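Each of the next two complexes has chain A plus one more chain, namely chain B in the first and chain C in the second.
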Partner chain A sequence: MNPLTTESILHSFPLIIPEALLCLVACVLFLGGTFRPGRHLWGSVAFLALVVAQIVVSTTPPRAFASSEAARSALFSAPIWLDSYGVLIKTLALVGGMILVLLSWNEIDDHHAPEYHGCLLTIIAGLCFTAGANDLVTLFLALELISIPTYVLLYLPRVEATAQEAALKYFLLSIFSSALLLFGFSYLYGLSGTTNLHGIIDAVAGQDLLEARVVPGTLIVAVFMVVAGLGFKITAVPFHYYAADVYQGTTTPCAALLAYVPKVAGFVALVRVLGFLPYNLGAERGFGPMATSQVSMLLWILAAVTMTTGNILALWQTNLKRLLAYSSVAHAGYMLIGLAVAPHINFRTGPTALIRAGSVDAILFYLAAYGAMTIGAFAVLACLSSRERPVEEIKDLEGLSRSNPGIALLLALFLFSLLGMPLTAGFWGKALLFLSAFMVESDPTALDGGSVARWFRILAIIGAINAAIAGYYYLRVIAAMYLLEPRPGEKPLPRPKLSPALVAVFACAAITLLLGVIPSLLSNRAQKAAEGKVPVATLPVEQQQAER
Partner chain B sequence: MDFALSTYYPIFLFLAFLILFAIAGTIVPHLVGPQRITPVKQMPYESGMDPIGDARKRYDVKFYLIAILFLVFDVELLFLYPWAVSAYELFSEGALTALKEPIFWEVLVFLATLAVAYLYAWRRGVFKWR
Partner chain C sequence: MTFDQHLVLWLLGLPLLAAVVIASLGPQRGILIRRISVGVSLLSLAMALLLAVRFANLERAGLHDTGSTSVLPGTFAPEFVPGSTVASPHSTNWTILSLGPGSIHFYLGVDGLSIWLIVLTALLLLPCVLVSWTHVTERVNEFYAWLMILQVCMIGVFLSFDILLFYVFFEVSLVPLFFMIGIWGGPERQYAARKFFVYTLTGSMLTLLGMLWVVLACHQQTKVLTFSIPQLVQLVQSQLADPTTRPFWSTVQLGVFLLLTAGFAIKVPLMPFHTWLPLAHVEAPTAGSVALAGVLLKVGAYGFLRLCIPLAPDVSLSLGLPLLTGLAAAGVIYGAFTAFAQDDIKRLVAYSSVSHLGLCMLGMFSLTAVGLSGSLMQMINHGLSTGLLFLLVGMLYERYHTRKISDFGGMATRMPLYACCLVFTCLSSVGLPGLNGFVGEVMCIFGIARHEWSIAGRFPILAVAACTGLILGAWYLFTMLRGVLFGPVKEPEHHGHAIPDMLPREWAAVAPLALVCVLIGFYPQPILRTMEPDVQTVARITSLARTRASEQANAEGTSVAVQDETEKR
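== the complex of A and B ==
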């Protein structure tokens, strides 16, 4: 270990101040809750902690390096590396955390509130860690920091059999996926001889592997396992079975959390590991031919299957939470397009200046849009539902526009956004992803004879067809609210009073509309962040620093 | 490094003592102890459980709580030993000296986290044998 490495480890500590703060407050919540229960007290403490962490994140200046050698050394040895992509993800995590705290405020009883919010803060801290992770070990720890408190959260609020089933199902599948992920990580380590993420990409892209005489196909096995392990978190298709049962079995705020946080974490981890694979991995690099094409094709298939399966299964659902669960599966499929496209975008400019704008940044934009609209839809359900009159099925919403015109309008907004109507965030999210698939250009010199572009146009068309299929089930809910009369003999849903959950609904609606009307607010920043993330093997580090 | 058998003498001594102790432990009670046989005493010892019966028995949850608390301290020791062994040798020379102090504080943070868990369990009444 050389002095520069030591220094880069030491300099990682200031980068984790927001996470440390969140964990500290979580400890205070756990201990304080044993002295004094109370959802208002501990809810506000948790909210305040998230606000302070957000202030710290947005005011921390980018780290300055004495020399480019020091910067390079930090990039290849630091366990935490905070680029502007990571900062944006942290912001997504913390804002999402605030909305989730508001949403859970009155859904949890006084006695369980401190533990609930403590677990929530730990989960958000884990998500922030994932955003900055630059090492397989840090990445895995960050993902576990999200998973383990989630098990507790699923157990906490309810005791009936469906909730127990949901918690147990999630627990067992989650540890199984962690094992797959670790298997993949071990192969990545074996391939590259380092756990550092930039080092792995560097080794995979560089000549080192040729000397190491890697068994052909090792990379594919590693990628396959990593995608399988993270596929559980993003509910990609062969791993989506739990989603509907778990969302239905648990409380609405927990379902919103499960729909958002693991998905962000899974995509960030996938982007970190796979999003920046250089295109030009050929046979001469010691892999089987077209290793990147295989990775990209794996993600192509996963994207197509995930969105189609999610949408088709959603067509049969009458339960609102199950419907949203399958809709979240479909949205994971849309986002996978960006990941499949990533190695192909703008490769023409050569491996020296790979610019991934249009793929990785589209995923970031979609995550923000998806978070706002999905948490918003769950928040509306949480607001409307009460013990005397639970809102579970689509038919419970019949005639909502008569009894609750305002809240019906908000739910319609979220559903239109999920559907991808213009002037909502969902439209721009889909537009950016589909356009990125259209922007892929073939490389005539490639082994596949330049058919890549055609394949990705097909993927974009599959996506568009899926968006049309999704119209059926989203519009069915809207039709129930607007076109049907309230069922005779049934009490109309009471108007929700002003509560933190309602504030969460408004916040989600504001984000959905704001990103829908002015998408450049986020898309420009995301694009800049993605451009800054150029493969390290080929670019001087100063340029990366300038991007921040 | 030269292999010298003499460095292993203490281990052989220890081994011999162990074997003798085990043998003595089984023979001496038979010679010295009183022999009052009851059916309960004749049962195989299974940590207080009835050895014959339905396997799907309900346990009190407090056993699990104690087991998990034990695990907490077990893991704590597991983590502290390597640090304690290496702290004053590995970290006292070369580039690693710069890490000596941060790692010390990290260990303290780890202990503090465990203390929080311990206090939480205490406050929630895990130690009350109800």
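== the complex of A and C ==
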């Protein structure tokens, strides 16, 4: 084996310290739980583990390579590749994990708590792993690390028939999607002879292939299968059927988890596999082979259909969790706009690109915004709901602004953010995605520049109209809270006491507002990350070798 | 920062601060909340007036040379920009979000197009507060907090010179009004609030796309990424002056014009998109109606003036002029007839808004300097007189809990002072010479007539429609006056309460507006003079578009003629 290759594999291990830490703590939880129950104890352990992992992630300096050759070799052989995009996704995963731990704190009884939090940590570890996966095998492993504990989580807290049904439905469909994904992966391997993601990209992206602008049929099949398999995770439209039933059947924290974690994982995996995130070694820049008009067209259709279907189905929902489920389908559609645009943007942006903002960073921003507002909305429901007075339907929220003005305001904030109102994170998310759709035109040398630009403008208009449709059903919830009086004869919802779940609500609200007022906090980093710049040391090569 | 920049910031900051304070006071402390609101509205009025006076006395260098024959027209030059430097007093460096080479700025300022609308907004806050004094008794803190937030949004729209910041204020203004209509409105309030919100949201989402498009088109052509409205206007003008880029810009302008129009036409509202308006007006509480009619509708017209015409001048001329003047003229007549058919006074006033704003759009899309000034005048006047009308209708409703014309009769004998106010307001609304309405209406009609006479051999149908609208306006308003104030006394059931004439609090709400009506009617010069340079900027943009269009027509005409000649041979 090439010494550089061995070295790069060895270098991968320090990159997964946070994941290893989380898995280790998960094992402690599984074992320790048999000796001692207690949700406060194990909840704190899990939270602490996530905090430590976050500290490790944010303090680890990016690995600098001695030369661009070393970097290239690592890129094409390492199973784990951690660029700044990956670091940001890991941060999203860990912060999301902390909020989810807080949210689930009191929802779980003492006996189930260690297992529950153990599974949660494993899922978050899987998500972090996905962020850095640079190989089909690692990627699949990471995705399964998310899926399998999710099955357990869905079974754990509840024994009713609806919960069982939800878990079973999710299990079967998830297995099915994994099979599709593996099928696609096998084709990719067959086409390129390697499992390394960059290797695949290079192998299929033969110069002639790009110039001819044709894609072999097998590649289309592979991409189709990969998109289908990951489409399940992001609830893209023909694969969205499970969402409403599963969200409704399971507990609120589990629904929040399902709405967030698989979606982040799915989008990151799509960005990586389709090669939409170029690497940047000085002047040299790698592009995805799948970045062709056929793939873009597939994603275009998926985006348009997903957001429209999600929004239209949400119009008829009266159950809050079902409504949020369809809204999460619609939001996947908005994010798919960014994905569909990616080939046309990344292909043209050289190192001298004028606009750094592209589509991949818009997706990242949207994921953060979406996570804050959706988990926040679920967290509000979890705070309000109690065994005596469950909050399931929209009408359960009637007159909430009278009985609970504070919490009603927070839920309204999350809903306005989902709607895309300015001054909330959701607005900038949508604005950046629409901006990327209009940016396709900005370079006449882009792939199919002229006619494609028109299609993306149409996609943006479809998105805008969808956002207006969505206004209708989010407003229904807001109207129930603010415009209606509490129903006579019914006890008003009790004011939630200060609990970890309430802290989760506050955290989500803070993120939503902060990103809404100062979007550059995240967007600047996301733009930098989307450049895919690989840090190459400025030290002369000889000196590096001497040191070695 | 200079004193003026502080003023600009505090115009936004003060109501925002007040909203937070009021909301946190809790619903029980109504008196305190109302006093704070009155204080805030007086203070913001004082600040706005001070700003206007200082702006009017400003020597605006470089903007008065309207006679110059340079190829490029000037662009908007906002004054008092917070965050500006001495080197570039008309731009700011306060960044909200940076996107590579360009950024979205927190770019506030004042120019001739916006200053009087800001004063109008500040002026209308006081009546809004006073008229809700006894009307709003439930959830007092929420009501006044939303009112203050609405104030922030409306002033923000007029102050913004960054296209996305403009959109932010434009869009957020929906939220407070949604709650004001939905919580304190009439029996159909929920439906009205939701229809209002979703209808305007649909338009404004498309508007957002239009804004993004023009920004990115400028970036593609000039490699300058900017969200600043003055800079965008300048870039678009310089691009249009270059014949080689025209084919590209004709597509972009068409798209931008249609997308921007989608949002603004709903907001104005132009005729087929007006259906949310009567509903929202009728259901809204009086303060909501006053704010909606007085200021919020102007946001649509202002958007046309500030963004649509300067950023898509050619299409505004070739498509906007026939389409929008046609719709506006139809709206003038339709609004007037529909208003006449109403029995509910509030609904009548709402339809009269459709009619009056049709006139305003007619003047604007004549695309002549006098028409543009007239439409800006008409915006201010409509805000004053329709605001007054809604206030007075609200007072009547508060006394009798009905607004039906058929329930009233001879009220002039019961409430003579009220009757005086109502007659005065109607006279101002129909445009009696010597009152404010006359100035704007006449200028609008001049504008549209000048445009039509410039086309040889064409009957001035739009000008005739505008005049008819005025006559019809007098017809339905005086019919309403006759029914309510005069004739045999017919008083609705009021459960034995003594019905007072105008209260001191109500005088305080009505008198300032009425005073301004008279002032503008007698001496509109200060307002016209301050808006003149910026109106000229827009006018020059449109006149260049006319020149381009006639050049193109000539070129095509000659080619057609040559073709004919050759065919004949």
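In the analysis below, the second predicted complex is superposed on the first by the 487 of 548 C-alpha atoms of A that agree within 3 Å, B and C clash if a C-alpha of one lies under 4 Å from a C-alpha of the other, contacts with A are read in each partner's own complex, and residues count from 1 in each chain.
In this section, contacts are C-beta pairs under 8 Å (C-beta built on N, C-alpha and C of every residue); 3 or more make two chains touch, one makes a residue touch a chain.
From a predicted model like this one, the values you see are computed outputs, not experimental measurements.
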Taking the superposition as given, does A:30 touch the first partner, chain B, the second, chain C, both, or neither?
-> first
Which of chain B and chain C A:431 touches, first, second, both or neither = second
Going by the touch definition up top, name the partner, chain B or chain C, that contacts more of chain A.
-> C
Would you sort A:7 into first (chain B), second (chain C), both or neither based on which partner it touches?
-> first
Considering only the touch criterion stated at the top, classify A:421 as touching first (chain B), second (chain C), both, or neither.
-> second
Which of chain B and chain C A:523 touches, first, second, both or neither = second
Residue numbers on chain A that touch chain C, as the complex places them = 353-357, 416, 419-423, 427-428, 431, 434-435, 438-439, 441-443, 457, 460-461, 464-465, 467-468, 471-472, 475-476, 479, 482-484, 518-520, 523-524, 527
Of chain A, residues touching chain B in the complex | 1-3, 5-7, 9-10, 13, 27, 30-31, 34-35
Name, in rising order, each residue of chain B that touches chain A in their complex.
-> 94-96, 98-99, 102, 113, 116, 119-120, 123-124
Interface with chain A, chain C side, in the complex: residues 95-102, 164, 167-169, 171-172, 175, 178-179, 182-183, 189-190, 193-194, 197-198, 201-202, 205-206, 208-209, 212-213, 216-217, 219-220, 223, 225, 255, 259
